[in-house]
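The structures come next, written out as structure tokens.
Consider the two complexes below, in which chain A is the common component and chain B and chain C are the respective partners.
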Partner chain A sequence: MSSDRLSEQGEKIKFIYKGIEMSGIVVSHDSRQFNIKLSSGYNISVPNDSIEITESERIQVSHQHSSPSHDQDAEVEIIATGGTIASRVDYITGAVTPVFDPGILGENIPNINSFRYDVKIMDPILSENMTPEIWQNIGNMVKESQMVGRSTIILHGTDTMAYTASALAFMFRSLHRPVILVGSQRSSDRPSTDAFLNLEAALEFSRINIGEVGICMHSSISDTSVSLLRGVRTRKMHSSRRDAFRSPSVPPMASYVNGSSSVNPDTTPCSTDSLDFKPSLEKKVSLVYFHPMMEPEDFSALSEGKKIVVIAGTGMGHVSSKLFEPLKELSKEGTRFMMTTQCLGGRVDLDVYSTGRRLTELGVIPLGDMFPETALVKAMHVAANYPEEKFRETMISNMRGEILSREVEF
Partner chain B sequence: MVDADEEPPKEINRNALKKAIATSIYLNCITMKNVQFMRKIVVDGSNTSGFQRTAIIGIGGKIDTREGPVRISAICLEEDSCRKIEQDANIVEYSLDRLGIPLMEISTEPDIISPQHAREVAENIGSPLIAAGWLRKGADSIRQDVNFSMGYGRVEIKGVQKLSDIEQCLKYEMERQQGLGKISAFMRKTGIPEITLIESGDIFFETASNVLKRSMKAGNSIYISRLKGCAGILKNKDLRLGKELSDIVKAFGGGGLMHSDELPAFGIDDEISNIREKLGCADNDAFLIVTLKPESKNLIENELNSRIAKVYNMDLSETRYLNADGSTSFLRPLPGGARMYPETDVPILDIVTMMEEAERIKPAPLEEVISETSSRYGISQQDSETIIRKGLLNDFLSVNELIGNGSLSARLILHIIPESSKASGREIQVGDVLHLLQVSAMDGLDRDGLEYAMKLHFIDNFSPEKAWDGVKKSFISARDLSSLIERAANNPEITEKNLIPRLRAMTEKKFNPAVAMEMFRKLRNPY
Partner chain C sequence: MSSDRLSEQGEKIKFIYKGIEMSGIVVSHDSRQFNIKLSSGYNISVPNDSIEITESERIQVSHQHSSPSHDQDAEVEIIATGGTIASRVDYITGAVTPVFDPGILGENIPNINSFRYDVKIMDPILSENMTPEIWQNIGNMVKESQMVGRSTIILHGTDTMAYTASALAFMFRSLHRPVILVGSQRSSDRPSTDAFLNLEAALEFSRINIGEVGICMHSSISDTSVSLLRGVRTRKMHSSRRDAFRSPSVPPMASYVNGSSSVNPDTTPCSTDSLDFKPSLEKKVSLVYFHPMMEPEDFSALSEGKKIVVIAGTGMGHVSSKLFEPLKELSKEGTRFMMTTQCLGGRVDLDVYSTGRRLTELGVIPLGDMFPETALVKAMHVAANYPEEKFRETMISNMRGEILSREVEF
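Up next is the complex of A and B:
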């Protein structure tokens, strides 16, 4: 016999499963089975019709949606957008608690008490579900904290962190205080978590004199060093390692090693100029990754109706000559094509090979060594905020460090 | 990458899972319909990721023993942890060679009534698994975590590898707890002493104690403390509070601990009166000398006082480990359920479909294993039973794999090794013998040659290579012996009666007369 009433998540139960008496806490329960955390700590899943609940008791769960700390005189604004870093699952009750619950922070981040911070919590968003509208929301929050002289730390999922960082970088012509995106590759319940050290470093970086948007993540797989990387030059280079984020050819803007931070002088200092916040973004854009199987109709399908198409071409910026025709047609209809490279290093050059020269004739704009992702976001910003005739010039000029005048090393 | 927790784990090892399910069936457990892996947080360094993956496969089983059925609480499939190689004050060295190997944890309910019974249960559970060939060869492929309770809290003893150690360590633990019970009663009368570590100042400036000199050279400072009213309970017959405290100092990275019940010794003599004076010790007070790094003074002082409180309250629950001398030492507090997290990287796996397959490979019961081993390897039923009951099956199989001779393997395991151990005055490990056998260049190795090689290696300290050279020099090889006997058999002058003296005349090397005779008879009377 199954229980008369449904036991709820977080309820402490005694039950009989196939003649064996056990006790535990209901972690989850659906129409098919119970997931129960036994008193030994093990979780088991048992079909509904094979357990008999003999006793159940609701336990007091402190749902620690503890009022995020608000501090009028905060020096740092922490904006939690979601992602691995922003949440911590209480596996006993299944409740999700914010990772910046003061108790957890105090226990795990040694420097937290020397900072005055204010916390804003957004509905948790997985990195892959980020949209330009959310970038704009975040942009507005950053603007507000900049206006009152606060640095901003943004807790963000790692997958599309570099896009958000680029969007914020282009939205502000200058920054009064650092804007830091911080994430984690490993959730905070694992001993290998990078969440706490990344956050500790982000707090340190929030006081340095860098008026740029940076990404703050581990620089090695040991829990000892964190880098602040320039948002527009940063890529997630590994799907799982803690030191996944790199900015090839550009040294970190700042480093935090064994508890002390150092700043790279080759960065833009905080500014007192007007922020010149421009949140508008053009959304009719596309990023097309060329490959040898790409047919003209594939290319057209991905580019039609778009104002701007960033192509990730092969090598120095090439696509098959089969695509010249649709490229020409779509250009006539007003679509602008720009070229970046699929290579992880180096720049495009449309003068070296005949294909490149042909693409130039067709009006394709070469974007130097700008990353395809950065180029896409920059194009969204430029198209929405600059006059048509300035588009090309603005795209190929260096606005926020996204284009390198020379490559130092790879 | 997976071992550093830098990428998600790969798919579960189906073969290991199948064996775990089969074990669950074999031990009459209720096998789970789903397998859900957990991450058990382990931060002593034995897991590079800081956790161990583990899942319940079956629950609620039982196994029959001479003392009645013993209930099996659970069978878990886990990833094994690293093996500890060396431990220094602040550094533990681990070997990674065992990390991640599938491990089955089989736990019993508290139905075991005596140390002998514990051993029987371990035999009954383990031997069929060894016989099924599921265990890797090696001394630590079966380990027992022995749980013990006599009313003072649960003590889990780790590192019990040999079945023969179970009885010994339970006996030790029982005596230890009885002794501590007396100490607790004593302290209840005299009051709970407090340890306050103070710097020893100039007391040891010119000490003759090498132990202390070495410890100071290693960067330790010497602290002393009075233990009010504790003279005679630190080390006095079964009263051993000193060892309790000394274990704590070692476990928390200190250099070491000495106490008044064991002094004068270790080159400490003249200092004793100075210590007593400095601490204001009365005659019935004891004192401690503790060497440690100044930065760990507060930690160790706190831990020492907690230990005294633990003894005073007789709540002895903790995890301990078995030392080589059969005693046990403090390892860490007992883990709680709080350190378990669901392994979110591994989906919950439906194993109902694997039941049938697992049923087919289910291990045979112990009695069948005994007769099966006897017939498969051509050894007597009695030898087979002894090997299995003594937990020597894995050793036997390892040896047999190398020499391909069941009766000789049995003889080696049951007689030659114990006898050689006795003769050489040290306990010879099967691992050492395997090493000797690996370099054997003998074809047709026989008992005499093997015994001689054992003597040369373990008693005369010849290297394995040299030992076999010695055997070759003294013993005729099987091939040479058979050609010699062929010649003899073709010689009509040679009969069974004069065979052995004639053979002795033909070679200076030793041979086994019984073997020679048998070969001769076979050649003469092939039918």
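Up next is the complex of A and C:
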């Protein structure tokens, strides 16, 4: 039985979602998705084309079930996007593929029963396949949660988590409730998984007075402590360790150690101001990592047709002088170039060296100590939402804590 | 008076080199360069087109000066390539430009008089302008020094120092004497310069039994300690701090603290084996830093016409699935793709995730925990010096300490 049949409210179904058999009552159904109250008691939303209904039975829905929709009183919305935290090992091939089994929540997270939560399941992907369109979909879901005073926990792959966190951070001028991205370095069906402690901590952090977008991951390799790090200042610094995420020079916004959470008093508190949600993103952009073998034609090829090019230069923000000519030509055609440093530590300063001064003359905008990844996402946001004449000023000004300092540390 | 006139041995000249007036006796002169014994007592070599002779006087050369050439008994060859360590501040504009004043050595480095050294001055450049041709020139000079049992100290800009260090490391299968790249984060005419302590330490390290290519820079922000780090495992991690260079997971090969040096016993000692100098480098190569906005056409443009493409992927070595098609097409045309991780910590493993397995099927070679920058240089070396059928095996095998571990750290 395929999923394109219409299911009625008050219909009990068995279905397969990404290989997992589940059962529940269809709460609502539209052209995009099914909302289903699972037998385990919580609600999930799944896209029509990802669900296969194997049995259905029309049932008498009692009055208290007649309009259950999502839990109106939920404090937290959990959005599963995929990633390792929502992945399973295929024990035939040994490979990990993304599929989320909501059953893991109730079974493995000790504090979950003290929260009212809803779960929304997106078509699961590994985060290297994330796109700005999905960032926008997530942004819309976060907006809906914010409007009803709910925190958001986003299960997300770790590889590009910092990009998504930055995108969400720039989309909202202020937040009424915390927005927390949580991932894991080992899938949740492995004994060594870090998924459950990270989720346990994310739930605790979701109740804290933090009006920022954070990344919630282990702060040490032992399975005892978790940090909430500022999304726009965080980077995955190890391919496999559980404590891979770091926000150099910025202390965690909150910590969870041995079951207790604490908040850093410098963290931005929740706001009652307008969210000022701006999901638009400029997509003709590129991030160019300079290296000594980069030829002028490579640089041109990467930059042509782009509105914005963020360069990750060496040191204080340098590229070979042989790239100056294509940079000049493309600037004339309207491409905006900005400079960050591939050192990751410290800041760009184009006034120190003669070659840097030449870049300034060519109109390259130095972005202080902003990470290259954050700079790319910020530029996408600023180009799509601010007038042309405000672009430079907005890029070099701190918006969400993405710029720490405009001074060189000597 | 221009520099294209022939100067004779036994001629005393005054000349201007990059704005600095010097005087000395012309020791030899050919179509490329002048070798001059300076009044301060040491020898320099300068390219013909970088020197302006302002006065010349034929003098009676006494017998002991009749064939001074370079100091035959020098223990160490100092090669000045440019960079901040060989730069001066222009106090009119405030910008730093590369020019080396050999006078700084005698005046500022307390231990220099206990060494016999020669100085060779190349046309000074900032290191973002370094090219493989210059790596090869430096390699040839190192070879000459090695043949006569001299250590080499290379003054070099910090931005791409790790690339040059890697290139030299791969060019020599074994080394008879240490090869040390030394730089500074502040130019040597500033009171806060780190140049002199780094050079003082480099001189001490040049006497140690180390048969490797090292990077010699401050190990803390105070002006008291210097480390010699393995060239193929070192990265500039801060744009301005004096202790910018780090070799994560690899202890320093040697340390210099408060005037005393010590060597790590695990460091490769000097060898008496053949140098097996292989300077050839494949130059049709690229380093591609993946990000979520990278479109298939960007990836194609970067890779087209390249023999080798080193990808810096996310996490364990991932790129978006939308790049698989161009990768497949370009592989068919003969481009070799290799994978490193932009996390910098940890290693690539293409067997864990389903998307990684697809990359393996497409022929992408996983490079363990090799840094992307080192991988690029190693690939240039291996492609130019090993038979085609040995390429893969040589790339994934440890040659100079560039691969630490083939295991994922869980």
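The rule is simple: the second predicted complex is superposed on the first by the 317 of 410 C-alpha atoms of A that agree within 3 Å, B and C clash if a C-alpha of one lies under 4 Å from a C-alpha of the other, contacts with A are read in each partner's own complex, and residues count from 1 in each chain.
The rule is short, and it goes like this: a contact is a pair of C-beta atoms (placed from the backbone, for glycine too) under 8 Å apart; a residue touches a chain by one contact, two chains touch by 3 or more.
Quantities reported herein were computed from a predicted structural model and do not represent experimental measurements.
Visitor: Of the partners chain B and chain C, which touch A:E128 in the superposed model: first, second, both, neither?
Guide: second
Visitor: Is A:R241 touching the first partner chain B, the second partner chain C, both, or neither of them?
Guide: Touch partners of A:R241: chain B and chain C.
Visitor: Look at A:L376 in the shared chain and tell me whether it touches chain B only, chain C only, both, or neither; answer first, second, both or neither.
Guide: second
Visitor: May I ask you to decide whether A:V46 touches chain B, chain C, both, or neither, giving the answer as first, second, both or neither?
Guide: A:V46 contacts chain B only, not chain C.
Visitor: Considering only touches as defined above, state whether A:D189 meets chain B (first), chain C (second), both or neither.
Guide: The first partner, chain B, only.
Visitor: On chain A, which partner's contacts cover more residues, chain B's or chain C's?
Guide: C
Visitor: Enumerate the residues of chain A that count as touching chain B in its complex and touching chain C in the other.
Guide: Common to the two interfaces on chain A: residues 186, 192, 239-241.
Visitor: In the complex formed with chain B, which residues of chain A make contact?
Guide: By the definition above, chain A touches chain B via 17-20, 22, 27, 33, 35, 37-47, 91-92, 186-187, 189-192, 221, 239-242.
Visitor: In their complex, what parts of chain B are in touch with chain A?
Guide: Checking each residue of chain B against chain A gives 1, 4-8, 30, 32-34, 36, 38-41, 43, 49-51, 54-56, 59-60, 74, 76, 336-342, 344, 348.
Visitor: Okay, in this complex, where on chain C does chain A touch?
Guide: For this pair, the touching residues of chain C are 90, 93-97, 126-132, 158-160, 163, 186, 192, 236-241, 244, 283, 285-294, 298, 301-302, 304, 312-322, 341, 343-349, 351-357, 373, 376, 380, 408-410.
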